[in-house]
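Presented sequentially are two complexes of subunit A, the first with subunit B as partner and the second with subunit C.
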Partner chain A sequence: MARYIVKRLALLTITLLGVLTLTFFVSHVVPGDPARLAAGVRARPEQVEALRTRLGLDRPLWQQYGRYIAGVVRGDLGESIRTRRPVSADLAEYFPATVELTVFAMVLCLLIGIPFGIISAVKRESVIDHVSRVAATAAVSMPTFWLGLLLQLLFFRWLQILPATGRLGFYLSPPAHATGLYVVDSLLSGNWTALGDSFVHLILPGAALAASSIAVITRMTRSSLLEILSLDYVRTARSKGLAEKVVILKHALRNALLPSLTVIGLQVGVLLAGAVLIEVVFSWPGIGLYAVQSITFVDFQAILGVTLITAIVYSGVNLIVDVLYGVIDPRIHY
Partner chain B sequence: MRIRFACFLVALLGVLAVAAIASTPADTLVVGVVEEVTTMDPAIDYTFGSGPFFRAAYERLVTFNTTSGKIEPQLALSWDVSDDGKFYTFHLRKGVTFHDGAAFDAAAVKTAYDRVMAINEGPAWMLTSYVDSIDVLDDATIRFTMKTYPFVPFLRVLSSYWGMCIASPTAITQNAGDDMGKAFFRNHIVGTGPYKLVEWVEGQQMVFERFDGYWGGWAGDHVKRIVLRKILDTTTMALLLESGDLDIAYGIPLDELTSLNGKPGVVVGVHDTFTTNMIAMNTTKGPLADVRVRRALSYSFDYASAMEVFAGYTTPLIGQIPTGMPGHDDSLPHYVFNLDVAKQLLIEAGYGNGLSLEYTWVTEEPEGRRVGVLWQDTLRKIGVDLKVTEVTVAGHWDRVSNIETMPDLANYRWGIDYPDPSSVLVPLYHGDSAPPAGYNLSRFADPRVNAVLDASGKEADETKRLQLLAEAQSLLLTGASNIWITAVPVTVCMRSNVQGYVFEPAAFSSFNFYDIYKK
Partner chain C sequence: MKAFWKKLGRWMAGRPLAAAGAVVLLAILLLALFAPALPLQDPQSVSMRDKLLPPSAAHPMGTDDLGRDMLSRVVHGARTSLLVSVIVVACASVFGMAVGLTAGYFGGMADELMMRTTDIFLAFPGLILAMAVAVVLGPGVVPTIVALSIVWWPWYARLARSEALMHKQADFVEAARALGVPTWRILRSHILPNSLSPLIVQATLDMGYAILTTAALSFIGLGVQEPTAEWGAMLNIGRKYLLSAWWFITFPGLAIFTTVLAINLAGDGLRDYLDPRTRKRGA
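And then the complex of A and B:
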């Protein structure tokens, strides 16, 4: 197992290098002069040139690439030309917000998706199965940002029970910084007001973000559980006179979860991608919002930083999923 | 089981209802803004995002009064200009302190402006182009020696909030570091303004609190706290204003205002700015090098219908100088929509069989697309095929700054640097202002226009100056370098209990927070 993980980590660095190389060259092909944008369109030509030299943008592309990769190896992600500070400082500021949002969404996915999948499979063709099918189709086909706006309209505007934007109400200051996750930080510092407020702020963006993934996980759990339930060993278990609850939860579910696990791992990528839109709709100050602003500014270093961190998270989660296979299914050895 | 779950849901909703919505406190003004700055440094920032807070926390020597069109005192009480325009001497206000307790005096002005010029980024050109040196004559007197003189608009330059905000000399010296204080001033404000910065949670909000030592005093109605909330999505911003979670919403797009019109407790405000929207015509090559074709296009543009793009909130621009700015003249001749004349001119120029042109519009300035599509329809009737291309702001600059890639027609906006007609006419139409030096995208180069513009910068007599400006505008209309569409309106919507706001077209994204209060 340890050898397998080490091998995967080695492969991961190659993947990351590939991702960075591709992003580097693609983002440099996009039209737009970053030095001109950073200096401001009204800046004098000599100001633009001075900035270009300072940012190293006057060097040949391969040299810029070499310097960038060398920097990344040293842990230096370069300086954002838009925010004028190290990209690592920007990411440290914005990434925790995205982590908090996606983790919350993932928790929603698991808490809602798996139980509903089980119920739909067990009570196949029942009302609840039909309702969950319709809901799943709707959730998958509705654009995330649109759902976000609908939720805002319903819960913020009409029912007036949930806030629409941001991580905290304007009258509150963020809790003492430890992890950057407001829920965790306010728990750690015992700041109960901030805890309640930051949790409440998570609900709408989290739900909007999670909706389509919940649907996918529900359907996946349902179909794989149905398949397992038709197998001989389940019939054997039933014929032994085991309680239906035990048959489903102990015997069938464990095997049925395996395909769901793959899907859950993939959904992390979906959630990270969806966060870009959701963060804009909910003014959620995460890396999605940061990426959107960096892209319009042709802020290479920032775009690369976001790409790198997203690639690491995505590959990391997939590695964890693969390792979990072995835990859930003893037949799988690495 | 089911009942227990239902009880839990009800309880949860109850808790949420208590926790969630609170309208803004009476002494706090909450303003929703779309744009956020990336640095608060007055020596570097050159964006509209700084408008809201620069006037809350920083002050300048002089300000521009939009109503009278005159320059008024702020930190300077009075000033003398030498007859030849070489020296500007300012007599400063006494008893003013910075947020950090430092005293405001002539040395403070010099320290602040010398720093701006030494950093020489963004807005610094407004000082470096004109000022040779700044000398402290005594504690309360400072003298600017000009490089090029006379330069009549200089006082108006000093009223710009870009580069002209005066930061504390103590803060500048103590935090100089090895980067002239750029790191410190990136997220600190130490000015003399009525409100001081308490907190900036990047990507979320800025909080300002009343500065007790403000020289203007706190008699009368004022708010104690100002919160600038960054809200990127304007649909959400409108919802927040409607529910009372925002007192002011700045920058909701015109076509989204319908959701707010007529809502109780909401006052919708749409104001014309000094930013103009126009189409540059490439005068250097192709069919548009012929002035007859440019005139034909000027006649082919349906000015009145184009106003629908701005939801009917504005009127066509007459001349090049926006309404409200000195030099604007409603009696100037201007083009009117007339397809017959346009067709005739095209035939005269040899394009009776039609021609094909490319028009670009900038993603971030969405009115350009609709203007283009409308025009495309009209032009088809006189045999002109208009290809409408979208460009990003970065791509726009790439294309227009190179004469080889400059499209035939480029839709763009121009916002002024300082409230004077020279800030419109010189960078846009002077022959020396072709990119990258300036923003003369049409590369219009008429020696008569250049001469008149040069003369107007030196003409101290206001009446004569206005005559020169009118002459320049007429020449530009004859030369048809651009199609002038309109002044770009912005929206400032607020709750009806917000009082005292005055819109300032010269600094349209700014707020006179000191005068704003809630009933």
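And then the complex of A and C:
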């Protein structure tokens, strides 16, 4: 097990080095003149030259590459030309909002996807199964951002029961900063008004973001549970007179959830990408909104910072999922 | 060929959803193909007097912020979306297949190199890598195609690799090798044809994702730009009028949804048809 984890960490390091090389290539080699871009459209030629020297862009490419890698390892992701601040400082400010949104969406996925998957498998070919199949196909075919807009139209514009934008009502101040997750922070500081309000603000963006992943997890749980239910040990459990509830929830479900675990890990990537769009729709101040706001300014460093941090989080989550797999399933030896 | 269509038709009849998906998809393709010949208003004709009109007989889907006919723009938008997604899937699958089949067949260093390279690309959530590449390449249809192809080829490479691994031990490949058939011909005439069905299914289903991602890129201001009629770009402007003009975001989104749904339903049918093994999984 330990050997496997070490091997995977080594592979992850290679992958991340590759990721850095790719982002370096994208930021230094592909665009015509990074100094020109970093200086902004209206900069005078001498300003561009000064910036070129300051950023080390006048040196040979391999030196720039070394500086870039060393910088990223130290947490230096360059400076945003839009906010005039280090990208790492900006990311630290925006990232918690994205974490809160994606974690909330993931919780929705698990709370809704797994039970519906179980019901669809147990009551195979029933009305619920058919409805969940149709809903799942519809959910994966729907653009996340359009669903967000429709939810805003329905619950904010017409029914007027849920807020459409932001993390808190404008009349509230954020809870005392501890984690940057408003729900957690307001719990910690006992600020019940902020807790309720930040939760209410999470509902629409969270639901829009989670929809397609709920569908995928429902179908995955269903098909893997069906496969397990046809195995001999389930028949044995049934024939010795165990209650159907025990057979399904205790004997079958545990094994059925294993393949779902991989899918859940992959859904983290789907959620992180979807968060970019949902944050734009709901003016949610996370790294996705930060990246999109940077687009208009052709703010490369900011966008690459967001790209890099999502790649790291995504790879990390998938590593954890693979390791968990081995911990949960004793049949797997590495 | 005639027998094939007959068989396919009979088989489709037993799967109403897949058949419906195929029919709707065909209708959208025809609409997109013949959009300029249809009795529609000019999708680019600006008329500030008619801006943000709700749906009516003259404008069945209303008008946008520049008074352009939404129906016409939604139909013309199908041209952009379908064109981009077909080219993306074609580029990504051909390149990915070439790399994957070669790596899988030769194994060893070539295989290791390919797997590690795809690892790098797959470490990014797709849209986010596409976003970074699209920012560098700038706006427009061609940069969008390049950005999305860069994101997609590793999936095909992995799939093709696993197919090549499966077939290279087969007796008929062994026999061809023993007869001294050159390697590239083994790849082309034996490995490729046998690996094609899963790749075709993947490509079909990916068309839907390609449409969604194209729309997503233009929704965040990258990719295809105004005044080209494109569904994602229309939604990007439409959301500013969310509170006053519901039709502005409703119809372009509905167009994306319908097209992707049709592709997914038809693609599922095609998968079951080409690979009967997946049928019993019941997913």
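Keep this in mind: the second predicted complex is superposed on the first by the 292 of 334 C-alpha atoms of A that agree within 3 Å, B and C clash if a C-alpha of one lies under 4 Å from a C-alpha of the other, contacts with A are read in each partner's own complex, and residues count from 1 in each chain.
Everything that follows uses one rule, which is that a contact is a pair of C-beta atoms (placed from the backbone, for glycine too) under 8 Å apart; a residue touches a chain by one contact, two chains touch by 3 or more.
Bear in mind that the values here come from a model prediction, so they are computed numbers and not experimental data.
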item: Contacts of A:Phe104 with subunit B and subunit C, given as first, second, both or neither; value: neither
item: Touching partner for A:Phe95 - first (subunit B), second (subunit C), both, neither; value: neither
item: Partner chain(s) touched by A:Val48 [first = subunit B, second = subunit C, both, neither]; value: first
item: First (subunit B), second (subunit C), both or neither touched by A:Phe24; value: neither
item: Touched partner set for A:Thr296, first subunit B, second subunit C, both or neither; value: both
item: Partner chain(s) touched by A:Phe116 [first = subunit B, second = subunit C, both, neither]; value: neither
item: Partner chain in contact with A:Val281 - subunit B first, subunit C second, else both or neither; value: both
item: First (subunit B), second (subunit C), both or neither touched by A:Tyr182; value: neither
item: Touching partner for A:Arg222 - first (subunit B), second (subunit C), both, neither; value: second
item: Residues of subunit A at both interfaces, subunit B in one complex, subunit C in the other; value: 30-31, 149, 152-153, 157, 280-281, 296, 298
item: Subunit B-facing residues of subunit A, complex; value: 30-34, 36-37, 39-45, 47-48, 50-51, 82-85, 93-94, 97, 149, 152-153, 156-157, 160-171, 173-174, 196-197, 200, 203, 280-283, 285, 289-290, 296-298
item: Residues of subunit A defined as touching subunit C within the complex; value: 11, 14-16, 18-19, 21-23, 26-27, 30-31, 124, 137-138, 140-146, 149-150, 152-153, 157, 219-220, 222-223, 226-227, 269-270, 272-274, 276-277, 280-281, 291-292, 295-296, 298, 300, 303-304, 306-307, 310-311, 314-315
item: Touching residues (chain side subunit C, partner subunit A) in the complex; value: 116-117, 119-121, 123-129, 131-133, 135-137, 208, 212, 215-216, 219-222, 232, 235, 238-239, 242-243, 246, 249-250, 253, 256-257, 260-261, 263-265, 268, 281-283
item: Subunit B to subunit A touching residues, read off their complex; value: 13, 15-17, 19-22, 24-25, 28, 30, 38-39, 44, 46-47, 120-122, 124-125, 182-183, 186, 199, 201-205, 227, 229-233, 235-236, 239-240, 242-243, 245, 363-364, 391-395, 397-399, 401, 417, 427, 436-437, 439
